[in-house]
Amino acid sequence: MIQELDPRMSRRKDLLDIESLTRDELLFLLDTARPFKELFTRSVKKVPALRGKTVLNLFFEPSTRTRASFEIAAKRLSADVTNLSIAQSSVVKGESILDTIETMQSMKVDYMVVRHSASGVPAFVAKHTPAAVINAGDGHHAHPTQALLDTFTMQEAVGDLRGRKVLIVGDILHSRVCRSVSTAAHKLGMEVGVFAPATLIPNGRPDYMKVFTDFGAALAWQPDFVYLLRLQLERQAAHFFPSLREYHNIFGLTRERFQICSDQGMYIMHPGPVNRGVELVDEVLTYARCLINQQVENGIAARMAVLYWLQPATTVLPMEEDAIA
Amino acid sequence: MIQELDPRMSRRKDLLDIESLTRDELLFLLDTARPFKELFTRSVKKVPALRGKTVLNLFFEPSTRTRASFEIAAKRLSADVTNLSIAQSSVVKGESILDTIETMQSMKVDYMVVRHSASGVPAFVAKHTPAAVINAGDGHHAHPTQALLDTFTMQEAVGDLRGRKVLIVGDILHSRVCRSVSTAAHKLGMEVGVFAPATLIPNGRPDYMKVFTDFGAALAWQPDFVYLLRLQLERQAAHFFPSLREYHNIFGLTRERFQICSDQGMYIMHPGPVNRGVELVDEVLTYARCLINQQVENGIAARMAVLYWLQPATTVLPMEEDAIA
Amino acid sequence: MIQELDPRMSRRKDLLDIESLTRDELLFLLDTARPFKELFTRSVKKVPALRGKTVLNLFFEPSTRTRASFEIAAKRLSADVTNLSIAQSSVVKGESILDTIETMQSMKVDYMVVRHSASGVPAFVAKHTPAAVINAGDGHHAHPTQALLDTFTMQEAVGDLRGRKVLIVGDILHSRVCRSVSTAAHKLGMEVGVFAPATLIPNGRPDYMKVFTDFGAALAWQPDFVYLLRLQLERQAAHFFPSLREYHNIFGLTRERFQICSDQGMYIMHPGPVNRGVELVDEVLTYARCLINQQVENGIAARMAVLYWLQPATTVLPMEEDAIA
């Protein structure tokens, strides 16, 4: 079922962002995720592709869900997984990130899944280790596996994405999810719109990004997908936003706006976890075209595809038959 | 060694409490635990029964020991295990339990082991997921695997439990352990007595439960098993009980009471971990008929039996031969 | 590749310190680590030696790195690993260490890796469990796997260690690393020197230990290896040491002292993680004869050798063919 890798598709060492992937590579990863997802309908949800490999989940920023998703993905490929949650304070105290990486690299791990609150840390790590590095979210920069699972989910819903429209709603300026999703959508031929108040629209945004400053006008643009970004509650606490109630009124899928979406058959997406009553009203979650749970499921398949595709730069000798005691 | 499941014993999706099990199912689970326990005397303590299955330990209430017991049980069945310890505060903050469950379900886990401080959460989870759900303790409600391991341990000590007597001592009113153990004991034909001060005896208790309000009278009843409940120190802190010293004097197995137990050859049990000098004096722990360590060992075997027996409702296709890359 | 254990080398149940190992056993463990290290250059970094065995990482003192090293080592031997991080406060509260051990032993784990801030705890554990116990660091007492990986690393650098010199620098008095490394080095025929201020030199030190109270004189002794102990920052906080700056001036490998080391081709070692600018200046880390990363890599191999060699005292019956369901 899991086919051999397409020999014309050369493998990369790292997945750091969506920008560096070609359109063909993107499509290839989505194609590779599909048989992995089929695997989940079987009794034995496991393939031996990464047997004997070590995957390190190196999370400098806490994330139960993303960590679990990578962990389950790696185990379904038969890899051994070690989780390291490193409080950033302890890194700051006596040990630089580079020292941490070198320590972990010395343990000869094959894959490092890195999340950090500062942009650029996974790229820095990738430069200093032969292990394959996957960016699991860095600062405001990128979250490429999120974009893969999202476009995979969109493909499942409507097939070919060319000419389709996605509207991204929320704090565009600070969102690594928005950056990665919009880039992937554009590469796959979609039209990309964003809705945010003028103060949260980035200046150096790409030309293809259509900006709406009115939610009604954005919906009148008739997107196929309405993608609600998650409100980072800690940013709210820092008064970047007014109250949660006001956030809901400005950015939220209120009952009225949801009515428009469902009347037009728009799909609703959200990277999770949802703040109910903030980004959306509860009834969205039982809407037939709400794709939020599919996104989570597809997260495992997309991450399996990435782990399967990447190629650590570690020198490996062929396995000797008598190597096993 | 691990026999096929008895074809006449249909499988259930969830284990939420003892009440919903028939006597035959209870006996069947105890019979199934036995060969798993024998497995622990072997060099390779592992069977492939759950290979390719994912077990999620979803603990909303911290518990090192119970979590470790389920983790080891699942790994000895060759399942892949992912631990999620979720602080209840974070659930309260922005994400309902249902959303958490749906997220985890979307990852297509096969089994969810759920502990929560609120009664009914595992049942709620079970309704919303095709995964098999095991209640690992919910509020004051139930702790069914504890009751299984306890009655398994009693069986090992004396064989057939019919007509045997168990005395449960402590805060009967608030104990999920008491509720599950007493129900299982009753279903297996035992006489059940409880000792607690009048204020901690539940009003709606079952008719079969014999109530003692004097420890001496309870021991004169000549139970085969004296089951000491654990004092929940946090309840003590909330002044439900007087001082630890006074708790020991009222509920504890003091030197004098222990003398009576050992003179009569009574077995001593406790769900662990013991508060030494509170529920019992130290010498109990070296008493030949103290079963506390057997209870822990049997916890693994009983939990393996439960995992082996339950049947997730997920649709599974037969494994294709060529599914393995 | 992984050879059979030398039949003339009888196996031990525990590894608690270096003192109790014979020179032959030490050399045997170093020889055994070598093929495990070669394994890391292969595609499948795994052997089935400990399949079906359970390894428990029982850490009463937090240590991300050492825990990860043991976890990866055990998984590369195909063991199942369960991590338990037990806050010492919770142990103190209601449960003695012995009760914790008995609980874990009742789960029939085969190996316990124990770290504790109090000297003697792993030995105490070893007496009370048939599981094989590995001391992963206890108080000021011992850290034997550190000594194994260190002498293994020295062997890789220079071959036979007889007649070679190692200089250990830092808080000799309170260092379990120093105690274990110096003992191993001596058993392997090395000369051992230490540099520390007079107040941090132990009174009951062994005769073979050459004491320097001047760093310059210590380097003039021309050691092959300069081994920098890690400053325990919490000790610094307790004012055992003056400021970090002053520590660096007294104990640190300053630019000037490093110049002497590199001119003479001395190897630099450190148990990690390094406090940059405290025990050493940054340029040491890129020095060709800085062995710090090799030490980490060799930690996995050395711990695999120990797990492979030790023999739990649990009674095991031969595996029956029909034991697998």
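In this document, chain identifiers A, B and C correspond to the written order of the chains, with residue numbering beginning at 1 in each.
Just so we're on the same page, a contact is a pair of C-beta atoms (placed from the backbone, for glycine too) under 8 Å apart; a residue touches a chain by one contact, two chains touch by 3 or more.
Not measured: the values here are computed from a predicted model.
K.L.:
State the superposition rotation angle between the two copies subunit A and subunit B, fitting on C-alpha atoms only and giving a multiple of 5 degrees from 0 to 180.
P.N.:
120
K.L.:
Indicate whether more than half of the residue numbers at the subunit A-subunit C interface occur in both copies; give same if so and different if not.
P.N.:
Different residues, largely: of all residue numbers at this interface, under half are found in both copies.
K.L.:
Provide the C-alpha centroid distance between subunit A and subunit C, rounded to the nearest whole angstrom.
P.N.:
39
K.L.:
For subunit B, give me the residues that contact two or more of the other chains.
P.N.:
Not one residue in subunit B touches at least two other chains.
K.L.:
For the complex, which residues does subunit A have touching subunit B?
P.N.:
The touching residues are 1-4, 39-49, 64-65, 68-69, 71-72, 75-76, 233, 272-276, 278, 285, 293-297, 299-300.
K.L.:
Within their complex, state which residues of subunit C touch subunit B.
P.N.:
Residues 51-54, 56, 80, 82, 84, 86, 93-96, 99-100, 102-110, 315-320, 322-325 of subunit C touch subunit B in their complex.
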